[in-house]
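In order of appearance the chains are A, B, C and D, and numbering begins at 1 in each one.
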Amino acid sequence: MADEKKIAVEKKIGAYICNGCGIGERLDSSQLETTAKRDGKAAICQQHDFLCSEAGVKMIQDDIDNEGVNRVVIAACSRRAKTEAFAFKDVVVIRSNLREGVIWVRPDEDDQRETTQEMADDYIRMGCAEAKYANIPSASGQQSVNKNILIAGGGISGMTAALEASKAGYPCTIVEKSSALGGATAQLYKKIPTRAPYADPEDTGVDAMIAAVEADSNITVFLNSTLTNTAGAPGRFTADISTESGSTETKEFGAIVQASGFTPYDANNLPEFAYGKNKDVVTQMELEALAKTANGGAIKRPSDGKEVSSVLFIQCAGQRSTKAGHLEHCSGYCCSASIKEAMYFKDQNTAIDTTVLYTDLRTPGAGGENFYRSGQNKGVIFTKGIASEVVDGANPTVKFKDLILDEDVSMEVDLVVLATGMVANAGQPTRAEITLSENEAKEAGTEYKVSVESILNLDYRQGKDVPHMTNGFADSHFICFPYETQRTGIYTAGPTRRPMDTRQAMDDATGAAMKAISEAENAGLGKAAHPRVADLSFPSFRQEGCTQCKRCTVECPFGAINETEDGYPEFNESRCRRCGTCMGACPVRVISFENYSIDTVGQQLKAVDIPDEFDEKPRILVLACENDAYPALDMAAQNRLEYSAFTRIIPVRCLGSVSLSWITDSMNSGYDGVILMGCPSGDDYQCHFVKGSAMAQERMSKVGDTLETLSLEKERVQTYEISITDIQKVPQLINEMAETIEKIGMSPFKF
Amino acid sequence: MSKEYSFYPGCSSQEGASSSNYLKSVQSMCDVLDIKLNVIPDWNCCSASIGYCGGGELPRLALSARNIALSEKHNQGQDIVATCAACWLATKETQERLDDDAGLMDETNQALAEAGLKIENKTKIRHMVEVLIEDIGYEEMGKHVSKPLDGIKIAGYVGCQTNRPFGIEGESFENPKYLDKFIETLGAEPVEKYDKKVSCCGGALAFSEPEKSQALIKDIIEAAYDGGADMIVTPCPVCQMNVEVYQDKINATYGTKFNMPVTYYSTLMSVAYGKNSKQSGLNGQIIKAKKLEEVASK
Amino acid sequence: MSNLNTGMVEKYRNNFLNEVEANVEEGEWVKMCMQCGVCSGSCPLGPYWDHPPQELFMMIRAGKREEVLESTSMWMCTSCYNCLVRCPRELPITHIMHGLAHYATRLGIEPKGQPTRQFAQLFWDNLAKNGRVNELWLGVNLYFMNGFVNGIKVAMGMAGIGLGMYKSGRLSIKELIGGHTVKDKSGFKAMIKKAQELESARVDK
Amino acid sequence: MSDIVATNQTILVVGGGISGMTAALEAAEIGKQVIVIEKSPSIGGRVTRLYKYFPKLCFPTCGQEINQRRMAANPNITVLTMAEVTDLQGDAGNYTATVKISPRYVNANCTACGDCASVVEAELDDPHNYNMSKHKGAYLPHNMAMPKRYVLAPEIIATDDAEKAKAACKFDAIDLDMQEETLELKAGAVVWATGWRPFDAAKIQPYGYDRIDNVISSVEFERMMDPFGPTGGKLVRPSDGKEAKNIAFIQCAGSRDRNYLKHCSRICCMASLKQSTYVTEKFGDEADVSIYYIDIRAIDRFDNFYQRVKENPNVTFIKSKVANIVENKKNGNPVLNGVNVEGYHRYANEHDMVVLAVGMQPSVDKNAFPIELKLNDEGFIESDEANGGIFAAGCSADALDVNRAVQSATASALKAIQVVNRVAQAEG
């Protein structure tokens, strides 16, 4: 289908050379014009002294309107500059970077004019080559806008997401596993205050919220129901909603909010605190139940119904600990929760002794600190110490080290409350993780079974649920983009995403609803989601060439690609983030995008003029990630940092999209060195496409062999992890390559 | 027309008491600035900050309450002005506590009734320094200088209780600048970055814990010498006494050679205003302030 | 349970805290301390405190009644108010120290020989007698507070200072007989007496 | 400017920091008309002054690049820089904002070629570096500035410098006659995202920020790491330019303190933990970091980062609010006095340099809002019906880290969309 298009449209290249910002003084623009016409096959080539001015832009627009130019090559500044001015519609716009890419990184000296000019000529050739092979992307037309939002979970987060989305005019469907809405919050007596003066526990407001949900004709609720199968993609998700009774209904959705909440940490893992042994050792959640029963009256303890006259809260019980079976993370809300619960006692009877045993009291923000102060004011005693043991007895006795008074003491109380943390209900691990565990199990001679139930039962090749992040939460890895999961159009909210209290969960769910709405709308128009927002291109492949090696389906960072029954990849473009990792993965080069393909890059590097060996003019190809490395190169130029005149830079969507064929082609066509610049990988990866750069590095690790077969030195190909701030580093790396080439000599592959 | 205030001199300012020279210089200073001080009739001790052992909270509050009540009775409508830091602080604190706590106010009035008094607690309690800065002003203070204290370098030692917890409006607890401004206004040179400016001299503990206190005092004097000071000036009788009188003992203990005069701001002002040595209370110096004597005798 | 443990049982109960809140000047603030320690670090005589203020507050919460009240710590307070102005939680620490010292004295379990304790008592007795402080007697009493012989030593040691004060007219022999006093002595004393009664009524109930 | 179209279906975003940008993008990307009002010459806000983010230790500009690209590509967003909302009238679905725009003296012709800067001589304090360094009187706010357009500082207007700059510009981009403008803009909903400012460290008198050279604030320390910052990426102390390897971080510098900011600013603990890694990375085993704290507030997954830092033997944690700082006059070292309350240990510790982890203060003073809003004592905007169609985003709502600020901003975008959608329905 994509190929037909290529033939269908007659391509007409217009090249436009700017003489502003010193380009005119530094370069021979008439020669550039010749290059564009002769080598670049530009039908039209015009110069302008101030191309980004209204007049300059009009000049180009006129050619588009009157001369049928549909491939516009702007030979001026970087693609990161003047983007608004050069945003021409319905044509391919290519930027040949003569300012940041050439004159700003080269000294203005006569003896440099020749090489600088060659640089510029090449960028014109490259621009025209790309223009020749790039097409105007358009949505496949496969989608249609579906405004329905599916919400997995009917707790405070799920209900908030539903109510907020509904207020904006988007119909929602809540699928709740249990027999009632309300989730964990419904089990609370009161909640941590959400408004000034943040001094007292507040009513949970759950009932009012449930009423609001039920009253909202825009919200459908399925109770006692689970998602037994979720297929499709943003804009066209189909979900099987099955009730306990067995009946199943299939509905279509535009996007999904997963608000599956948390499970309280199992205190049975804490024998040291006599939990399970002594009835009067309870968890925070269990205390809520006691408080509910008391309903403002005296709280009675479980063992003998005695009115509690002294209670001690052990913070971080089984949390912030690397001990086996404990939670490594801090659950964030427990400090405030204990203050709140201590107030249950103090507000009822100030004579009750309430002690909170903590190591770091964590009540951040304005509300938090006010609540802490209010707790103290009500007589709650805060003791910095670490509990070692709870001794069973008629009354539990807590042994602890008082870190302030620096002594080991013990205290007998009527009731001990354990502030245990949150375990995310994030569903099953990814298929890759499962396979790993399966193999381990095999080695151990045991059988591995996935203990956790799936939440979404995604019909995705890479697994049934959203991949987990830190501590098993389905969190985003990105600080600037907290909602970005690795499953497009599925947004997690509330404690399944990261530990949080009711107030945060409600904010969080509102944001998740926003993201879901946005994706439902944009997927419907065939527009990509973050980070290539609004990109209409999507991968397509030549079936006849496909060897069904499945690499694309395995390597896609977003699990976008399924397999058809007959074993071919199925791209699900609205699940695709357009990074091109599949293209880079494909050994037979059959995957391409309309405006980004093996050719759009491959033809650029071939378009570069390679002087013969004895000219002593090496050529260094740089494939730079457009998100970080390329901006870094740009800013290096902005600061007038120089690098070798033999460099030719091609931005790529992600290093993951780099096809090995580009490396071999460049070697074969006589490049002396190739540098790949991608984002840092690893646990704290900065790759916007999660593992694109990691993939690239893995592939490049094998390139050495290829070079050997060509009897070329390994040093000729280097892969670097570059952050956008490596502004000073990037020119250095390039110049180092230039030096290396001087040492090891020119490539013999120049024809 | 002269400014009138209800004056609370305090025990140490009494004739033959440790800061009688302070009172002397204050009176001279006030003549010049046309400030009229009406002593609170039959005023009593404020118990400073040390009466707490024998005296409980209420009895101590009653002491200052009595002074306020007497002032309200006899010097109606006049702000109470104290020259002693402890007196000012105790009275001001009493006013604050009674304002915050109706119960205490009531009990206090019950106690006062025994002395035939009642407290309204509406009188403004001020330190002489506040009067100078707020009611007189630096400019006016400068106008009266007839004998500028040229060439004298002075360390402005504010101490504790004139500075904390209330302090002087607009000044910081850690680095109040008003004494330095006084010094400049009078034509002398302040010691820059005098970093013991607000350090404690031991207060009443100079009596009960002499060694500990003298160690503190030593640092205060040392820092003044480091800053090239000819003398130290202070607004507080306790500071003045502690820093001045123990220098021999400190020299004996630490082998130092301290001989640093310690005077009151009011002493400086009297001298600068042309008053003679006696009127300026210079005869009250145990360590003679020679440079001031010279100016005074000009 | 062993005696030791029964001893422990009372530990960390709020009894003593409640006692302090009820009976000690500004005692209701003790619970507001967040153990930052800025007070302890700000005290000019800090190094001489067995238990700095913030630790005393923790000890009160921990029910260490005797250890707190019998401590010499709060008697180290010079009333410089550094702690008070720096406290992020607005605790009137200076007053709480005075209050604890007074309460200990009222209970008769204060460290008797502690010099500041003795001076503070002398000072009060002195002013309570005439309504105004008689510095000479105060001095004399102070020097002799540890017995006559010692007193002579101290007096000799302080003689130079006394002399200097005398010469400069800042110490008057007149004070030995009579000296400064309030005129309405009876009214003054009645007032103090009443105040003490009212306070006792409050504290001892 | 007059060509700006604003209706009751427009969303006004006040503040162009990461919260404002996020809210604007979320709304614009589902087709809403958005106008962003930014006070400074470039959008990006506080995060553009950060070197790294915790806990990933990644670089803020990385996300900025993506957001800026999204904004540049989105025709629904209008950005007004050097603009301030001076008045705001009306209620949900019908607001009128008065916006004052200060002259930039540089028009859209600017290509950011830098010719003007090269001829201007005047050098002025650079606010981007908290005035630790100077920039030219004609300047680009920073490498990532958006719009990528130079600014002429008002200080050089009517000086030769201004004329020189004008003469140097080949594109007639410099307009010295530019005047302050005032616009009236309609809006259906307002997202308030004016963010925070660092608490004035000089107010914390015991720490002598105003008296001791080698006592600096955490935001200043952050700038030191930037290779294009005031120290060219070196960790050196102000007094003598000596490398600062022994560094003390003082937590709650202005926060959790009735004398300054009552609230906990949330980010400061994590910021100091992050900054401690700057020191250990730069100096390895020669690094000697001390963190003085009351409570380490590394909540939820941040705690893993805290654990990681704790494992480093060159980082010490002292539970203590430092009492005061004095200067060792001999070597300029700050000396910290206080008590480690875990067992009562008195200290007088000398360090090369002290970093005050200053708190977060709402940028807009309580009484300076152009319209009445429900605020809490701390000056943050409460989420309250009474605020009608005005929704706080990011640090206008509470002391938040970047991650939570963006969450908050995303939520506020939906709240604003709800209002303009109601308007759209009503208007049919």
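Just a few scattered comments:
Quick note on the criterion: contacts are C-beta pairs under 8 Å (C-beta built on N, C-alpha and C of every residue); 3 or more make two chains touch, one makes a residue touch a chain.
Model, not experiment: these values are computed from the prediction.
Interface comparison, A-C versus B-C: the higher number of contacting C-beta pairs is recorded for B-C.
Put simply, the chain farthest from chain D by mean CA position is C. Computed centre separation for the pair chain A/chain C is 64 angstrom, with centres defined by C-alpha atoms. The distance from the centre of chain A to the centre of chain D, each centre being the mean of the chain's C-alpha atoms, comes to 24 Å. Between chain B and chain D the centroid-to-centroid distance comes to 46 Å (mean Cα coordinates, whole Å). Looking at chain B, one finds that residues 173 touch two or more other chains. Touching of two or more other chains is recorded for residues 361, 384, 404-405 of chain A.
Listed for chain C are residues 34-35, 55, 82, 85-86, 89, each touching two or more other chains.
Contacts between chains, counted with the stated touch criterion, involve the pairs A-C, A-D, B-C, B-D, C-D.
Partner chain C is touched in their complex by these residues of chain A: 310, 353, 355, 361, 372-373, 376-377, 379, 381-384, 397, 402, 404-405, 409-412.
For chain D in complex with chain B, the residues that touch the partner chain are 205-206, 208, 211, 324, 326-327.
Those residues of chain A whose C-beta lies close enough to touch chain D in the complex are 20-22, 50, 52-53, 77, 80-84, 87, 164-165, 167-169, 194-198, 320, 322, 328-332, 360-370, 384, 403-406, 470-471, 473, 475, 477-483, 498-500, 504, 507-508, 510-511, 513-515, 517-518, 521-522, 530-531, 533-534, 627-628, 631, 635, 638-639, 679-680, 684, 686, 688, 723-725, 727-728. Listing the residues of chain B that touch chain C in their complex gives 11-12, 14-21, 42-45, 47-59, 61-63, 66, 107-108, 110-117, 160-161, 164-165, 173, 199-200, 202-205, 207-209, 212-213, 216, 245-246, 248-249, 283-286.
By the touch criterion stated above, chain D contacts chain C in their complex at residues 206, 252, 256-259, 294, 319-324, 337-341, 344, 346.
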